[in-house]
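Each of the next two complexes has chain A plus one other chain: chain B in the first, chain C in the second.
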Partner chain A sequence: MQAVRAGWRRLSRDERLAYLILLPALSAVFVIVTIPFVLVIIQSLSTEDGTFVGPLNYSRALANPLLYEAIRATGVYALIVLPIEILLGLSFALLVHRTVRRPGLRAAIYVLAILPLVVPPVAIGVVARLIYAPGYGVLNVLLERYVGVHQEINWLGDPTLAMLAVASVDIWQWTPFVYLVLFSGLQTVPRESVEAAQIDGANWWAQFRYIDLHYLRPLFILILFFRLADVLRVFDHVFILTGGGPGTSTQLLSLYMYRVEFKFFDTGQAAALAVVVLVSFSLLYTLIARVLPLERA
Partner chain B sequence: MRRLGTAVILRSALTTFALGLAGVLYGFPLYWLFVTSLKSKGELFASTVHLIPHNPTFAAYSSVLIDRGFWVLLKNSVVVCVSTVLVTLVVGLVITYPLTRLPVPARLRVGVLNWALSLRFLPPIAVVIPYFAIVRTVQIYDQPIALIGIYSLFNLPFAIWMLKGFLTEIPLELEDAARVDGATRWIAFWRVLLPLAAPGVMAAAIIIFTFAWSEFLFALILTATPNAQTFPVGVQGLVTQFEIIWNDMAAAGVIAMALPLVLMVIGRRYIVAGLTFGVIREK
Partner chain C sequence: MQPITRREFVKRTAVAGAMLTSIPAILEACSGSSPTTSNKPSKLTIAAVQGAEDGPLKKVAPMYQSQSGITMEIVEFPYDQLFEKLVTTFQANGSSYDLCMMDDPWMPKFGTMGALQPLDSNFGFTRDSDIPSIVYDVGTWPPPHGPVPPSEQGKSQHLYGITIVGNVEMFMYRKDLATTPPTSWDDVLANAQKFNKANFYGYVIRGKATNPASSDSLPILWSFGGDIFDTSWKVKLDSTESIDAITFLTQTLKKYAEPGAANIDAADRDRLIAIGQAFQSTTWPAEVTGVVEAQGVSQVVGKMGYIPIPKGPGGKGLGMMGNWLLGIPKGSKNGSAAADFIKWLIKTENMKTYVQNGGIPTRTSLLNDPTLGQNNPYFPALAQSLAAQPNWRPRTDQWNAVETIYGTAVNQAVAGLKTPKDALTGAATQIRTAMKQAGYPS
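Up next is the complex of A and B:
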């Protein structure tokens, strides 16, 4: 106590003020964040009425084949969505960067690219319903009228097509994000190095490979971080569009956990799943966060 | 020389094609949502689907907002979102002010920022399971306050990173000058720093509002009646019911989108900065 008080007195007035503001605020937020973590661990080790059961919930959660179907579905979803979004976003960024010179057009593309990012996922789920739904979906109408497909395709009734439909919504909403990040990255490429390369006769691929890519590399990590964080938590538009079906084909991790807790009312198992997810996500986070190009100073 | 000519033509053709395709892929779904919302009940069940509405009507909007009583949910959404913005910004400023304006060890600053960043990776579904138990124990289930609390928590990382970015850009000397003239630290903050940071704070407010407006999972789980249900929960109710009334559902979708789109026009320069924690800045 004496030592603490002496240390406190050795600080300057401003330093003391900083701690006076920070300590209560940070400890309050820290406690509020930590309580659910502690509680979920307790929940995962007990039954609904609070009796301690040890690791039983964990063994039940990990023995459930539906968990592995959910992990598989989430993996498939991520493997469809992330590469397509990054490739499309990159191609579009390069195309606009190299060919569109008019500032007005660039500004218009910017605004249009922002648009999907602020639309609530629930509303996008509604749009997707209007397009894919059996009976009313406009996609089948368009296919029949302009492509000549007369057989009605049940987009949401077939496991593969349903997964593609759900993924298409993600691609629609988030490719513009990848585009915006990479496009702004391309603006930071110094013009001199591009001009020098052109004088040396570098074609567009060489320009991209040896100059642009160098400036974009940190942004790819950034995109991967934010997109992965969102892809792993996807819930809203899938819930609206397929509800996880048909069967469990689009039951991603979030939807599966929702079902265990709020449809099967199995809090013990859901809590055990939550702990497993929290631990594995923390590991994943530490792997990526290390290389993130954020200004932390 | 002619080679170059064809290359240029090819390139601009490719650009036009890509832009046009993107325009159709983004324009048509939104157009179709809007058109469906303007259809009458009769037109919904017509045997041929019209791509252009024949007798546009706003009946679906009044049906959703008044007959179904969704204006209450809209009101709840506004209450929840505005409160979330206020709480998040106040807590965000309380944390970022000392970090950017006062002498704190670099380790503490980096620690706080890293911790905020790690919260961005936190999956809501894993948190909502214990939070649901807490909300029931303290008896705030189906109350707006339960949503305001969790929304503020999940938006705090954005607020901290964005505010930190904006505050560091304002030179310390301006406040120092005010304090040399006799202003207290509080006056210097309130009269000098905050007005200068206002555009950034506004941008953060808009982004937090938009996020809270879109949120669905927590609202679905933590509310049950129009007492606290937010608009997205109402939209969901229209989708998952037994018989879908398409024009009502579309109208609800349009209403859910409208406010974020208007706000986006105001805050468009900051959206990407917000989504990337301030890494990507538009000029």
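Up next is the complex of A and C:
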């Protein structure tokens, strides 16, 4: 205690004030994040009745082949949605940035882009089911009527197509988020730099490569962080569209963990899974932050 | 008026404040707070499943309210959320609900948790000869017949739930096209072959992963002599009979089934039947009343025949129970009033009103009542199914896990991702592991 007091006295007045101002926020983080995490760790080392079992729940969780199927499905899902969302969002942002000059039209596009983000995922899942469902799905009807595809396509019953179907919903909902972030980033590009490049004869690709990208780079990291976290949380529309099927082909990590907790009622294994996933993603995020430059060069 | 000192003013204010703030506590004390109190509460709260199952309950509850003066509040949840909500409420011994609707496969979980108040010893419920014994058995824990979970052996049996939705899985077919009803699964196959044509499917498989695929296939599994467990909890899902049953469904019958069967749930099945694009399938009573026989919704009203589950190679056809029960949570402070409501609801005259409002009865006299049968053509089949002692899903608190594994395996077979043998062998291994971890014989 004396050491703490001595340390506190060594701080300057400004530093003490800074720590005091930070205290409420840190306390909130402690209560909301740290305490539940510690409880999850305790739960992951115990049985339902509280008996300490050491790493047993971890070994059970890691020995379950369904975990690796879920990781694989989540990886495939991320590999489909992330690049497509980033490329599409970037394209829209560049297109609007360079071609749309009227503030009213820009505002209208902004509102349109917000809409998918505020629709509840459950509602999106239900609508997507009306699109892809066997028998009455709108997509098959349109394909038959306008493309001449008479053989009904089994969108939700084939593992590959089912994965593409659930991914398409994610792409529809979250591409606007990427667009909004990158579009706001493009607003920060100094006009003088662009004009100077244009006078030097830089084409659109050179402007993008050497000017715009320079300003967008930290935003890509931000998008990657946010979207990776979202991919881990994807649940509603997958649950409604495929229920994780056919088989376990679209059973993503979140759905798998939900089933371990609420279907198997295996709280120990579910807690162990939560810790494993949290630690793994913390490491992944650290790696991404180190490999990719956060600051502008 | 006599002036008072500041000290006197503070004193009087403190006394008055203390009295005012004590009023709620005094009222609460007067109203009684111990579980199963006999005092009449002002309100009873029911946790109910959202959908066709609780619709009739919502219609008759106001009648009880006007007769008893007790406000009836029905809090609805979708199926999965209701189960999760009840489990978490029971774990906390919460008093949020005085009554809860329970699907019968949940009874082992709630029975093992000791989450409910016994209706027989606490509230004097006895068996009524007009209600089939299986209906009381399904609300009794530990189960009166069949294997008992190891942790529950030796416990005394009590009635914890009273069925208010007498669901049993049945079979429906187009009686306007077939002259005689199918009596065996061979007949079902023959009809599927005969009537299958472009845009008209000989059979509808409800094959979506987990619960749908499990519910759809279990009657076939049992009728073929297969099962998930034997009488001593040994897994027999990889037995020849079980594999034959799932092969019959997912390969033989599937040739005449709708495309995309691996993603078909009950609503999709009902749609196919109701728009006249399919010949036959298994069904639940709520699907019949809600869609298939609903005027203005269905194109096949009056064209469907309803029968108990057809017989398998061994000569037995086994339907599956899917009763919805009402129970009283242990944490409820209004047990006696809640019990009075259940007793009121199952009285013959009240159950008749309940049926007239779309309810599914358990009383044999009502199931065989010709006036009620006119609007409910499946009642005779339901009465026969109940009288024939339908199977219930294995009475284990691990059922949700088992159903998820089994229903995923059947879905894999329906989707053609695995052969029936591989799917069931893999599921059997997973179920053995899960059951062993839960303390069952491996």
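Here, the second predicted complex is superposed on the first by the 249 of 297 C-alpha atoms of A that agree within 3 Å, B and C clash if a C-alpha of one lies under 4 Å from a C-alpha of the other, contacts with A are read in each partner's own complex, and residues count from 1 in each chain.
Note that in this section contacts are C-beta pairs under 8 Å (C-beta built on N, C-alpha and C of every residue); 3 or more make two chains touch, one makes a residue touch a chain.
Please read these numbers as outputs of a predicted model, since none were measured by experiment.
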Q.
With both complexes superposed on chain A, which partner does A:262 reach: first (chain B), second (chain C), both or neither?
A. both
Q) Looking at the overlay, what does A:242 touch: chain B (first), chain C (second), both, or neither? A) second
Q.
With both complexes superposed on chain A, which partner does A:289 reach: first (chain B), second (chain C), both or neither?
A. first
Q | Touching partner for A:136 - first (chain B), second (chain C), both, neither | A | both
(Q) If we overlay the two complexes on their shared chain A, which of chain B and chain C does A:92 touch? Say first, second, both or neither. (A) first
Q | Superposition-derived comparison: chain B or chain C, residues of chain A touched | A | B
Q: Using the touch definition from the top, say if A:60 reaches chain B (first), chain C (second), both or neither.
A: second
(Q) In the overlaid three-chain picture, which partner chain does A:69 touch, first (chain B) or second (chain C), both, or neither? (A) neither
Q) Following superposition on chain A, which residues of chain A contact chain B and also contact chain C? A) 133, 136, 243, 262
Q: Enumerate the contact residues on chain B facing chain A in the complex.
A: 11-12, 14-15, 18-19, 22-23, 25-26, 29-30, 32-33, 36, 49, 51, 91, 94-95, 97-99, 102-104, 106, 108-110, 112-114, 117-127, 129-134, 149, 153, 156, 165, 185, 210, 213-214, 216-217, 221, 232, 235-236, 239-240, 244, 246, 249-250, 252-254, 256-257, 260-261, 263-265, 268, 271-272, 275-282
Q) In their shared complex, at which residues does chain A touch chain B? A) 12, 14-15, 17-19, 21-22, 25-26, 29, 32-33, 35-37, 39-40, 43, 92, 95-96, 98-100, 109-112, 114-123, 125-131, 133, 136, 138, 141, 172, 177, 180-181, 184-185, 219, 222, 225-226, 229, 232-233, 235-236, 239-240, 243, 253-254, 257-258, 261-262, 267, 270-271, 273-275, 277-278, 281-282, 284-285, 289, 292-297
**Q.** In the complex with chain C, residue positions of chain A that touch it
**A.** 60, 66, 133-136, 152, 154-159, 162, 242-249, 259, 262-266
Q) Which of the residues in chain C end up touching chain A in this complex? A) 80, 83-84, 87, 109, 208-210, 258-264, 268, 271-272, 277, 397-398, 400-401, 403-404, 408, 411-412, 414-415, 417-418, 430, 434, 437
